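Below are structures written as structure tokens.
Each of the two complexes below includes subunit A, the first together with subunit B, the second together with subunit C.
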Partner chain A sequence: MQTSITAVHRLMPGGWGNIGFFALVTMVLLGFLAPLLLDLSPYRIGAELLVPPSWNPLSAPILGTDDLGRDMFARLVYGARCSLGIGFVVVAVSLVVGVGLGLLAGVYGGWLDAVIMRLVDLLMCLPSILLAIVIVAVLGSGLVNAVVAVTIIGIPRFVRVVRSVAIQEMQKTYVMAAFASGSSRFRVLWSEVLPNCVPPVIVQAALGFSDAILEIAALGFLGLGAKPPVAEWGAMLADARPFIESHPLLVVMPGVCILITVLSFNLVGDALRDRLDPKLARL
Partner chain B sequence: MLRTIGLRRLLEVATTLLGVSLLAFFLIRVAPGDPVLLLIGERGSDPEQYREMAAHLGLEQPLIAQYLQFVANALQGNLGVSVVSQQSVIEELLARWPATIELGVSALLIACVLGIPAGVIAAVYRNSVADFLIMTVSIFGYSIPVFWWGLVLILCFSIGLDITPVAGRIDILYDIAPITGFMLVDTLAPQVVQEYGFSAFGSALAHLALPALTMATIPLAVFARTTRSSMLEVLSEDYVRTARAKGLSEFWVIWRHAFRNALIPIITVGGVLFVTTVITGAILTETIFAWPGVGRYIVNSVYARDYPVIQASILLIGIFVVLVNGLIECVYRAINPAVGRDSAN
Partner chain C sequence: MILSVKNLCIAIDGKPAVRDLTFSVAAGEVLGVVGESGCGKSMVNMALMGLLPDGVSASAERMEACGIDLLRARSRDWRALRGGNMAMIFQNPMSALNPCLTIERQLTESVLHTHGGMSRASARAEALRLLDRVGIAHASARLKSYPHELSGGMAQRIMIAMAVASAPQLLIADEPTTALDVTVQAQILQLLEEIRQDTGMAMMMVSHDIGVIEQCAHRVQVMYSGQIVESGNVGEVIASPRHPYTRGLVAAQPGRNGQRPKSRLTTIDGSVIPITEEVEGCRFRSRCSRTDHHCVQPPTMQRTEANSHRESRCHW
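For the complex of A and B:
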């Protein structure tokens, strides 16, 4: 029992991060379990339009219905699924690509480093949302292309942090010892440098999650990401805009969901940074 | 040593600029569809216009020649013609630039004026209720979706309290001839004041308030956080203790001794924020408030598939960002010569 408590404690981000962590766990459970347990459909069009929320868990619709009579609670729950799912895909892909490129740049150096870093500079010199819009403009609008765009934008943060760790590690004596004992460069990369990149990469992943969710929602809001009828928070906000005067809650609710999710990831990310990466915490 | 680093940075900046131009160049060639049709628009394209544009692009020439032609045109300020308006793209963008700058600078001013003192207070009264409140507000501000926040502000101030207008830069009652393009300046021109009094200026200010506040939120949070951590670091230094030991008043110690030294990271963050706020904030904020600036223009161009405009925007914004970043680095180096050595790799 004691050990399991310690294990849980070690997994928790600590401090305010714990609140964010619990909020995220709740969000994941709601997003993935609620549709299984309850009879929810984000697309079913009801007869009663723009019903105000009942705020009563026992009488549907808890959060009212939208302009097509769809249940807002169901749409928000499916929105959580959408945002968290997409966030996961974006972070996973950009993490793998970014860490790979960062290791190559940091460990091999030379022209490979120069080429990779110039590409990273190029991606970073254009503001992320502009870059996303441009990529979507080239590929065509839609949720899949928006995900591709946000994934590409997410890569540089991992490249930079991994590269700087790799450069530091490469100068340490244990790496020299590994070389001296006949390890190949790839072996050093894999078994000496990569493990040292894990803590800062975890921090960046948490922060990357919040950026990805914000960007996907922004693209959805601009009509360049998720298209109706997909239950995506940003697109829901855009759909609800015409009703801002008569039914302000339709606009407020999806935004609150985005805010809570992003805030939670930021809290977790900050707490992890303080714990895992004291050097970065000062900046 | 310093010179080689400077040269190396210059080379890096040059390659980044090259990359931006390549990105802009390849944009229309990667996009699905005929690049000629993308540039002149599918509607109303007569064969003669098509041939003209095809010849202008030099599509039959090798790619490298096409690229050099593109750069040569760009250097002469020729970035093509908008498909939608048939006007020169560069003129269209320059006409909207002042609106974006006006909004961005106002937002950044609000963020500085509120965010920096808040950060100082949080650091000086560390772990107090004030610190807790300021940091809570700051992490909320940092996480807020800008496009939603703008709508919430409209809900509160325009719909609820009815004190601010919802869209545009000025009331349609006023006919203001653009002189500088900055509405706050133009409404103070003598002939405008003579005709409308100061009501035109008031209207411009009221229109600016909500978008500027929306855009200020994220930078405000970042300023507060940066100022706090920078101040915390400085306040633990020996010279601050010495200043206190000398018997200087606390106010003097904080603002004169600590704050001045805490400023360097704040200035850097401010510079970076200037870039991201003006452009990123502009795209979303301008769309919500129908603010006639560059950001909204770019979004509308994407809707209309107006590729010459998108192409030119990437090029100009990329150059703008690279130059501003270079400038920040120069200022930073001038303030703190130790920087050059650390950031060399």
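For the complex of A and C:
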């Protein structure tokens, strides 16, 4: 029992991060368990349009229906699933690629470093949403292409962080010691430098999650990401725009979902940074 | 000869720093290298391991270790040499261990590097044996530790275990006891001596403390500002130093020559000239108490007695 409590405690980011952490756990449970337990159909078109929320968990449309009579609660739950799933894929792919490139740049240096970093600079000198629009414009719109675009613009943050850690670590005696015991450069990269990159990468991943969700929603809102009828928060915002004056809740609800998710990830990310970043470590 | 170096010169950004170093180490022998900070001791070690940083280059007439010509070694040869016949331990053991990895991971990695096809389990057994060999109690519990959970002495023992994992013929010890307190220092030197007697490896022991060298080395070479100024048998050099710098070093030890405790320490006036600075004549001239007109000429290493191996870079 004692050990499981400490294990949970170690997972918790602490402080404000705990609030974000619980919000995210709730979001994940809702998004991935609710569709299994409840009979939710985000695409079924009902007879009654624009029903106001009942706010009663026992009577059918808890959060009302939208302009096509679809259940808002079901759509928001599926939207959570969509956003979190996409966020995870985006962060996972850009993390692997970004960490790999950052390690190569930091450990090998020289022309490889120059090439990688100039490419990263190129990616970073354009506003990220604009870049995403350009990528989507080239690849064609759609959820998959939007994910590809957001993944690409998520890479530079990892490259930069990992490279700077790697350059610092390469100066340390234990890297010298590893070379002195016959390790190859790749061996040093893998078993000496990479483990030291883990804490900052965790922080960047948490923050990258929120950026990814925001960007996917923005692309969905612009009509470049998820297409109707997919239940995705950004696309739902866009769909509800004509009703913003008559039925403002249709816009507010997906907006609040985006806000809570992004805020939670930022809270968790900041708390993790306070805990894991050695430069901010409490003495 | 395990190590044989002739006229090794090291330049920093093209400026000569270490000048014409000639020395050798025989199998099973301990060569002590002594000199103050910034005299180029560590740079020589790095050159021998092929780990000179960018902008620092070495050239020599001959540089051979364990039968391999280091001047012609390619990176593959270097890697084989470093994890095999040559090993090195560092000044600050706490920073020479990776803070993120357990001792087990680091030690088994060294073992696996030496014994390519070994299984994880037998590598762990070998790691335990090595920890036992370097005198670490509760070895299996220690394997689970991270470096910050160890004392400096323990960390240095683990560095030694990693270094001797490949049964090297030559161990370069770069100020291995400087960061440790005096009692631990004695234990570490004792341990190195035991391992040397067991395995017959040669050692190059670098230190700024002539007392450490006296305890463990057979031969000593004194370095000053990138040059060897005196070399010979440890006992003889310390008993009757010939070069004024060596004399100063020996005299500067507290409690030597029946000095009263707590009396004022003898020092060498002035400070070491920067290693890359060009000097006319003897490099020690500005700090020497016995200069004369000969000192304007660059001095050469000379035999001090007709049939001994002692040499000194001074005309006195």
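Basically, the second predicted complex is superposed on the first by the 278 of 283 C-alpha atoms of A that agree within 3 Å, B and C clash if a C-alpha of one lies under 4 Å from a C-alpha of the other, contacts with A are read in each partner's own complex, and residues count from 1 in each chain.
As a convention for this text, contacts are C-beta pairs under 8 Å (C-beta built on N, C-alpha and C of every residue); 3 or more make two chains touch, one makes a residue touch a chain.
Keep in mind that what you see is a predicted model, and the values were worked out from it rather than measured.
**Q** Determine, for the superposed arrangement built on subunit A, whether subunit B and subunit C clash or fit.
**A** With subunit A aligned, subunit B clears subunit C, so fit.
**Q** For A:V134, using the defined touch cut-off, is the partner it touches subunit B, subunit C, both, or neither? Pick first, second, both or neither.
**A** Once the two structures are laid over each other on A, A:V134 reaches subunit B alone.
**Q** Please indicate which partner A:F88 is in contact with in the superposed arrangement: first for subunit B, second for subunit C, both, or neither.
**A** After superposing on A, A:F88 lies clear of both subunit B and subunit C.
**Q** Is it subunit B or subunit C that touches the larger share of residues in subunit A?
**A** B
**Q** With both complexes overlaid on chain A, does A:S181 touch subunit B (first), subunit C (second), both or neither?
**A** Second partner only, subunit C.
**Q** Please work out whether A:T173 is in contact with subunit B alone, subunit C alone, both, or neither, and reply first, second, both or neither.
**A** second
**Q** Closest pair of CA atoms, one in subunit B and one in subunit C, after superposing: how far apart in Å?
**A** The answer is 14 Å, the least C-alpha separation in the overlay.
**Q** Can you list the residues of subunit A that meet both subunit B and subunit C?
**A** The overlap between the subunit B and subunit C interfaces on subunit A is empty, containing no residue.
**Q** Which residues of subunit B touch subunit A in their complex?
**A** 12, 15-16, 19-20, 23, 27, 30-32, 139-140, 142-149, 151-152, 154-155, 159, 229, 233, 265, 275-276, 279-280, 283-284, 287, 298-299, 302-303, 305, 307, 310, 313-314, 317-318, 321-322, 325, 345
**Q** What does subunit A use to touch subunit C in their complex?
**A** Within the complex, subunit A contacts subunit C at residues 172-174, 176-184, 191-192, 195-196, 198.
**Q** Across the complex, what residues on subunit A touch subunit B?
**A** 118-119, 121-122, 125-130, 133-134, 136-138, 140, 167, 210, 214, 217-218, 221-224, 234, 237, 241, 244-245, 248, 251-252, 254-255, 258-259, 262-263, 266-267, 270, 282-283
**Q** Note which residues of subunit C are touching subunit A in the complex, please.
**A** 49, 51, 79-84, 87-88, 90-92, 95-101, 105, 109-110, 113, 159, 162-163, 166
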